[in-house]
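Note that subunit A is present in both complexes that follow, paired respectively with subunit B and with subunit C.
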Partner chain A sequence: MPKRPGSELASRPLHFIWIADCSGSMSVDGKIQSLNTAIREALPHMRAVADENPNAEVLVRAVAFASSAHWHVSQPLRVADFQWTDLQTEGLTAMGEALNLVAQQLRMPPMTDRALPPVLVLISDGQPTDDFAAGLDALMREPWGKKAVRVAIAIGEDADHEPLQRFIGHPELQPLQANNPEALVRHIKWVSTAVLKSASSPASQAAGLPAGLNVPIPTPTAGPSSAADVW
Partner chain B sequence: MSGDCDPLTSDREAAIDAGATARTATAGAHWHMLYASVRGAAHRRNGLPNQDAVRISRTGPGLVLALADGHGSATSFRSQQGARLAVAVALQVAARWPELPTASHHKRRAEDDWPKELVRGWQAVVDARLGRRPFTAAELHPLEPSARQRLERNPRLAWGSTLLSVILTPSSILYLQLGDGDLLVVDDNGQVNRPLPADPRLLGNETTSLCAPEAWREARVYCQTLVAAPPALILAATDGYANAFRDDAGFRQVASDLWVMLRDEGQATVQAQLAGWLNETSAQGSGDDISVGILWREAT
Partner chain C sequence: MHQLLTLGSQLPTAAGPCTIERFLGGGGQGEVYQVSVASQPPSALKWYFPQQATADQRQALQTLIRKGPPGPGFLWPLELIEAPQTPGFGYLMPLREPRFHGIVDLMKRRIEPDFRALTLAGLHLSQAFLALHAKGLCYRDISFGNVFLDPDSGAIAICDNDNVTIDGSDPGGILGTPRFIAPEVVRGEARPGTQTDLFSLAVLLFYLFHIHHPLEGRQEAEIKCFDLPAMTRLYGTDPCFIFDPADDRNRPVPGLHDNAIAHWGIYPEFLREHFTRGFTSGLRDPQARIRESEWRLALARLLDGIHYCGQCGAENFHDPAAGSAGTCWSCGQPLRLPWRLRLADALGGAPSRYPVLLNHDTRLYAHHLDPDRRYDFVTPLAEVNRHPSDPNRWGLKNLGPDKWVITGADGQLRDVEPGRSAGLVSGLRIDFGPLRGVLEG
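Take a look at the complex of A and B:
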């Protein structure tokens, strides 16, 4: 019996990148501890979603930004191997530099044209202190930056929604507001599961027609009342 | 357009729907054809149908291959039908292809008229179907308000589909691509090439589509003369096939491997295995529906 034609088969890579604010203000009222906890607690749910779809290889990494930006987890790791190391806070909010770092990794190569649309999750409690527009431009110049599923989480009432909305780049999706640890956990879990699931098996979309989301994003789960708001 | 003009009469639709079985026939003096279409592994898990369609047929000037991939998104909830209509219209258009004296005449006609005939033909039958069976509340209920608005502006989005077509005439081979998918040709030395270059816009899950208002502008056409060195094999596939391989070289090897198998072991052997290979490829690769149409020439 002849062998199957063609060479090595592989599931399609899905890059999931946390882009986390570690500026000094994130140390206030336990925000950074809550973020570390929320991401760590979401990992088992993320792994479960990845296990449900063997045709997508979920690869996770993280960028941290404060007075400068750096890769907190630089190598794309399979979600089964991904462990969360706590973020530490200091300094300002180099959000633009963080987007620049992500843009460099979304170039082809190292990306390939057979990837699934990447998922980028930007989390911040403030406003950029560097050239945010330059970073966003660099990201959007990359074909995979434009095609990425871009989600933003605003922590606390002082978070500036304007840059987060520009990052999302679509009026149908607004930044998710987290004013307490429970809301943050809920939002982190939502992007780790519902958004990841949608991105890992996207149907084709007709391009060039009136704008729709590249990947349909499910409606976020509603939160409880704001009585417990602390941020 | 009346219902009588709809290219999918019930028996034809059933024939096209039988895409999961490899089929074969001989056409012309030396060319053979086979095709298969399988439901993707992810579609099986999620309870979705096979939204591809493929068919090869004898036609006026020679042979026609048509292959389509329905978008499958929530807004394109009739795209399984849209793909079948695309294939049926492509066969109709090819059947009306006139006898022309030279490859140059075929090239001019292909570039000037073919995309418009395909797009306008598909859009006409889609519009007729919408007139006969408007969208139901059950179809619209799952959609977000913004998706409904997009559908109100362009109802053809519900049938959204790609289309690849190849027409083999006595003097030339005509290739057309609208949307994602792959066309490969193998020469007598086993070298694999693409008759049309890759389209950088078709990244991720976005694709150009028959449902765009002037979709013919998105179609790409190439005419290859048969005078010099005709290809030994032509392969058309939906994007689920290429996306299942770790790299492009691995996918291109499909075409050269198939050519060697067809030449050395015969069409019956390949035909018997083809659907199984596609199922394995989807399961271990992209998870998407995979359809493939192959024209190959016996060595003289």
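Take a look at the complex of A and C:
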């Protein structure tokens, strides 16, 4: 017999989507291995954040892009059930197509009409080889794409910041630069904890936001990123 | 994962060197470790990150340590700790025992306290913040993350007391946690202080009793993307109580806000009136908010009104304003009230409108029988029991040190010595010493 009526606190879905570059250059210097490791490292922390948040039901997916883009994890899974399968590298950088795939899933339906802002994390070490602008347009035409918290991580010195910056779409937020595995681990952990937290429960309600931001983004902790960093 | 202190190392304290035993967790400001001095029971040590170990923070801590804990239930800073070879500083506080669980566990139904424990937790919270405010301090971040409860006993533990400040001193620090911040702070018109603490406390109590937020009704349902502008409107610029009797535009929506609907009706009118006042006039006028002493009184009455359904055993709340006993929220069967004791509100006062329901397991505490010891729920002075040879006869046993004098229907006076019991009969008058009561059944 239940002691008290009702059930658990009503929550909203929070879609979190990794969009990861798996082009050939990611196989150089063990970058893809580092990315796989960084995401695995971040998962328990992500679970802890989700576990302590009664207002959000965090659902995770992943898109991988190389010569074409595909859903690496297609079903939105609760963080508790989310397992990371290693990404494999091959070919080119179909970043535009990746954004297109995401755009299709942010359409209503399949998206529900009530949710928390989705979190989209774009990770790349190079530059798009397909029609990036068309993919970004498709994404930004979707209301959920526009409302999404968009974060980008640039891996290594060769990463082209320009498309990443356009993806973020806000002058005050820049791509996070990861020049070594430690920085990558730190950035991945930051997006899967601090950004996740602020997307569901913005911490400074009255503190005023830079114009155009609908979710406050905490500043990532600065780390060593010197010229000596190598991949 | 921790980085500030080395496990096994020692730091000097007033009682001798303490050993860093275990990393407990990291937060925005620092890291918390379990430490102990020699063979004493362990305590908790919070050590600040270098950028948080400011002179202001140090000063604030010293003030808090000097003032001392406002009451039980606070994991209060007890001693400032510094060491020549370790940068920064920290403070010692009591260790939170494992029996305490976060409110998130309650929201996710990972713990399931009964209504008695939940009501006691609300009462202890009200009492704790009353004591804090009475010391001229304010908390500024009453929310899920900082309050812990023991689901069995209703005991509470309030953490993160290093952000407590003197009301009005306004060092420009934290604004609080979304959904708990008072509307005038959300709008940027006020800074957190005692009056905004009262709002946050009311939100927390509503969450405790409804597993739902008091402002999340149709307006929330109509929001598609629940982002910061949406939250600012809902909790700041256009807040509306979901059960506002004068404004029905934000009623809970079935299917989305079922917890609010399932809980609201089971509480007595006097409790609903408190929430209504707190989230209607109290929403707009900080001076109109429910004071902790009002919550404390209402929750003590709520506790006294708990009784069990004879069919399914579920706890129900007696509503003195209702004409009948009503039906059970759980099984829907009509309820039958147990014996009710109406105690005088004060020495020589009239019998209270809010009776104590005498269940098979009810105990009366100093709170009930001694006006000088209101809210003492530690010392039992009476308990309901059964006649040793006839389980159909109920009695009230004197657990206190003083005799009672009872007056039966025949007008005869009898003494009830400590350890003895008075048989329950309708109309029985009991003179407990400081207070009198009359039995209804």
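As a convention for this text, the second predicted complex is superposed on the first by the 207 of 231 C-alpha atoms of A that agree within 3 Å, B and C clash if a C-alpha of one lies under 4 Å from a C-alpha of the other, contacts with A are read in each partner's own complex, and residues count from 1 in each chain.
Please note the rule applied: contacts are C-beta pairs under 8 Å (C-beta built on N, C-alpha and C of every residue); 3 or more make two chains touch, one makes a residue touch a chain.
Predicted model only: the values in this text are computed from it and were never measured.
Q: In the overlay, answer first, second, both or neither for which of subunit B and subunit C A:His70 touches.
A: The answer is neither, since A:His70 touches no partner chain.
Q: In the superposed arrangement, does A:Val215 touch subunit B (first), subunit C (second), both or neither?
A: In the superposition, A:Val215 touches subunit B and subunit C alike.
Q: Just subunit B (first), just subunit C (second), both, or neither: which does A:Glu172 touch?
A: first
Q: Just subunit B (first), just subunit C (second), both, or neither: which does A:Asp113 touch?
A: The answer is both, since A:Asp113 touches subunit B and subunit C.
Q: Applying the document's definition of touch, where does A:Lys189 land relative to subunit B and subunit C: first, second, both, or neither?
A: So A:Lys189 meets neither subunit B nor subunit C here.
Q: Please indicate which partner A:Pro5 is in contact with in the superposed arrangement: first for subunit B, second for subunit C, both, or neither.
A: Both: A:Pro5 reaches subunit B and subunit C.
Q: With the two complexes superposed on chain A, say which partner A:Arg40 touches: subunit B (first), subunit C (second), both, or neither.
A: neither
Q: Examine A:His161 and indicate which partner it touches, taking first as subunit B and second as subunit C; both and neither are also allowed.
A: After superposition on chain A, A:His161 lies in contact with neither partner.
Q: For subunit A, give the residues common to its interface with subunit B and its interface with subunit C.
A: Correct list for subunit A: 1-2, 4-10, 12, 52-55, 113-117, 143-144, 147, 201-209, 214-216.
Q: Any idea which subunit A residues touch subunit B in the complex?
A: 1-2, 4-12, 52-56, 112-117, 143-144, 147, 172, 201-210, 212, 214-216, 219
Q: Can you name the residues of subunit C that touch subunit A in the complex?
A: Touching subunit A: residues 102, 104, 107-109, 112-115, 118, 144-145, 175-179, 181, 185-188, 207, 210-212, 216, 221, 223-229, 231-232, 235-236, 256-259, 262-263, 266, 312-315, 329-330 of subunit C.
Q: Using the touch definition from the top, list the residues of subunit A that touch subunit C in their complex.
A: My answer: residues 1-10, 12, 51-55, 113-117, 143-144, 147, 201-209, 213-216.
Q: Flag every residue of subunit B that touches subunit A in the complex, lowest number first.
A: So the residues of subunit B touching subunit A come out as 41-42, 45-46, 69, 71-76, 144, 146-147, 149-150, 153-154, 157, 160, 162, 180, 198, 200-209, 211-212, 218, 239, 242-247, 249-251, 253-255, 257-258, 261, 265, 269-270, 273, 277, 280-288.
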